[in-house]
């Protein structure tokens, strides 16, 4: 941390600043210039981040030098993290093979869930998504089937072999969701629900953490740090578009977040093109862009009959459109040295 | 709800659209024009908001006509809601008298809390704020004293007579917070934590609902609707700045939200100038602007020694600065026909 | 300027960085720490701002210390600048008296302009606004009457005594506009039209510089600096709302920009509540907030018959509404120690 | 255009609204519902867009149905526009072959320009970029070499055969720039400089129109419409990132704008990954994403020695990095059915 002082800072002000920094366990190094004097602060700045240095007389600017996240930082883990999902029927996210998670926004019933799962599996998806608890902006909208949906997801996993990803919205749901699902999703609106982050940090299930509606990349990494600080290191980050002034799309897909995150962290990064664009016709081009920019996977909304969906129908793909999309992905994966086919991968690894 | 169809929509497409709308319980009225055909949909559109009409062939645009919030809407309650707070020592928010809530960001201990409470009371504040559970973006930062802080708040209320406002972050904390505090605050990061909104909707304590970091005014009202839909009608809205590209201030104080909210809802609207600007030197001008624009009150961070504060020191006022601010407010209140002095008000009411 | 180096920077990298800084005319001071080494750069950093230090091996972060604007900076001129407008019938902006500029968005004809001018003068406005050249987002929309409108403005000034403010959009128009108008306005969309800024910097007429649609406060000050660097020191800044995700208002009125600008610059700051909110019903509350936050004046759209206006009718006030607004302003002005009445002021000054 | 009236609109209000619409040359069709009455307006709505219908008593909402741009609209020209550039040594933008424009931010001298041109040509670029007039946010920064630079660009074109793209900032520069350059660039800060748009609309040179810092997709298309309305149909659109709250990148690259623009317009769309990310290390991943999402080309900053560049050094590629980038693009182009090599294309066309 570096403290830049105001022009004309007095010696007693400097002493006072230095004293406060040193009380908090850091050493200081003062560098006097003609126009400004700078105080370098050396040591663990965890404590000092919590006090207000800006309000000290003589301080003009405080420049943090260290990153505020540690466990999530690239520097902490040299190799990219590969998150293993599921037990019998496994999948992994973050390796050379791209992971595609697909399924309906909400679990509306057994039949539609099974139809969705079979459709996405046969098209090549490796995980099933489906909402049991739905964060809806209106209290009068469909809120999800809850535990009933969790049971259906577990049943359909048994039938199709697809590991299951589903959202958890409340600290009180963590246990029951972890019992039924393979990956717990934290939705965009809960990215800074710190109680929930800590709670999913205490279990041993991978967590899919979506970027908040207007979260910075740094805040997303800090949210991952919350989970990891409790012991759970299996965090998958998800870019799903951010809120901007542009209204042509539901959100603005921040494709540059992918390479930036890849530099900053060892955690896998996937993309949700359904929410990023909010329009079924944009899912394909945004998926291509995501893979081209280095994403480790995609999470896509697929519904057997989008026009009857109880939520997010405008952005859901019908099974045929999803199958066509999956067929079009391999050249993009190949262009970045990745693959979509587990079989291909295994053969290569064996060779 | 009005459905605008694409140019060249066919009769069978029109029939299909009409059929789906009528299945959902609404009546339709088709108006054919030279270039476009419009379908008016009459009836309760609650259900229809959940399905995807845009994905139906022939549909170009769907225009909602009704507001999605009902209990929070101006049309629902003609008179402005005045929220009564506390039992013995009461305060009220939303009436002619402006309410000032003040106190430290976090409860750091008994001594500092009592000092803060006495300072803000003697300066004229009518409620005490103080954080027991703190939403911090870093898991390594001070997270609040929890139940210990709640007990201190209750003690200090007993000593000073100031009703207490404190934040609740987790559904599991609602009961214990409601036991100790007079007003439960929902922080900006939890504005769309729908589980928490529903939970505080089931208790009988006023709720102070802060606008989310990038929430629209409509989303803020929908969040209030969540609480009200569970039975709790005592919701106080709080504008605290929104996230924009501007970095000169911590957030961008959306002062126009005050008159817009006053038109849309009967609920009281207060302003948090400490978070809106993020700088102690901006608290006074933003407070003046808030009152001038029609706010029903202010919530201000005051700390006995801002430079030692464990959180938000940069934006906290010292007791002397807060007292000076309080002295400067009456002319602004008078300019909008409001008052700050309960005594004055009582005399007037009696007269 | 301070250069923070990467962990593990080598001596030869340090030498290379130091050499480049010194070639550009600055002196350096290296401060080595355990984890980081910092290079303080002393001297005129104008040149160095133009090269890329970040691309030098070993550089992690570059922290500018000096402000990039000089002539506009508070430090450069201790006293607030008061801009004198007009010759015979003068007005001034930036003094204790608040200035109100009012009139139609566009000059649509002689009759409506005269009616507008008389209405705003009798209500107490001290300057007349009226567009001759209109920046319209559609090439098919009314573009203004051009030179005809300029002549009408000059005529109406002669009749009413109100100095005239009008927009200039093109470097080729500067001369003719300066010939007819008292204040040249630079619109939001041209705030970074640097050719135009330089051109109006070369004349001797006050310039009303509107903040760009998504300009930062710093960029607004840099735009003022462009004008001032050419010799014209009479710049009036205007906050008119910024672009955000919120759609309830046309723009988001950044009321905090007023006190921030007042700290950063000696130039006067006025507010355009008509564009900031984009709704006639918000003009009054936003005007109150602007004055309360310390604005030096207002610029308000007034049209004799808003529903027939050729531009911006939704946000224009009818004469009666404007007169009512003017009557309601004095208590807000008084609350900040300002006044609206030139007569009052003169008497006080004389006393 | 559809007008939605308020609940309880009176017959005389309806008559008044209808009358005003019909005076402006449109026919009306009233559809009365239980809760709302809707007025469909049929005919040319160009005129009506200029008046304020919202300020009429009884009007609640006005819903435009037609798009405000015509010449730029997909509906107007069925086939994608291919813009031909240059005379002897031609290039084209918008066809199956992707166009890569590359070169330095600013023309700093003959030697560096020639070195840049030769480097980008040998790496496979088909056009040369280079700034003669530079829009700089500081008046004290390097402003470009002006006419000297234009002459150098023309000389280097003669030597290398690369058509030249350069920015025009002032209506008075249009003639001289058109004399020396093959494509006139309108920079982001001038996207709504309507005088400049009209002026470049009157010449017969292709125009490269960059999206404004916070322009919507619709505003970008309206800016193109300005140029086209004057007769010049050769407009190339350029996405270069938008301004958001995120600070990890210089701008937020709105990759979804590419497929959205491709749906809305027949004009070619290219991407500037240098400005979108603002960091040299992001140029490659953003270029891949752009091509994957359907862009027709790229414009990339290349400087012989980025660390000495007089502008934008942080985001410029050195020649070797640019050559490596060019080598990595073909698989992405192939994945979307495009190519980068004119020779390949000609062979295919001949076959």
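Things worth noting here:
As written, the chain order gives the labels A, B, C and D, with residue 1 at the start of each chain.
Please note the rule applied: contacts are C-beta pairs under 8 Å (C-beta built on N, C-alpha and C of every residue); 3 or more make two chains touch, one makes a residue touch a chain.
Note that the coordinates shown come from a computational prediction; the quantities given were computed from them, not determined experimentally.
Touch-path distance (fewest steps) from chain A to chain C is 1. The chain with its CA mean position farthest from that of chain C is A.
Chain D has its Cα centroid 32 Å from the Cα centroid of chain A. The distance from the centre of chain B to the centre of chain D, each centre being the mean of the chain's C-alpha atoms, comes to 41 Å. Taking the mean of the C-alpha atoms as each chain's centre, chain C and chain D sit 28 Å apart. The set of chain A residues touching two or more other chains comprises 214, 243-245, 247. By the touch rule above, chain D contacts chain A in their complex via residues 214, 216-218, 242, 244-249, 252-260, 263, 276-277, 281-282, 285-286, 288-294, 331-332, 334-336. Against chain A, the residues of chain B that register as touching in their complex are 20, 46, 49-56, 68, 135-142, 169-173, 189-190, 192-196, 198, 212-214, 219, 222, 225-226, 229-230, 243, 280, 306-314, 316. Listed in rising order, the residues of chain C touching chain A in the complex are 2, 4, 29, 31, 33-36, 38, 40, 42, 60-61, 63, 65-66, 214, 243-245, 247.
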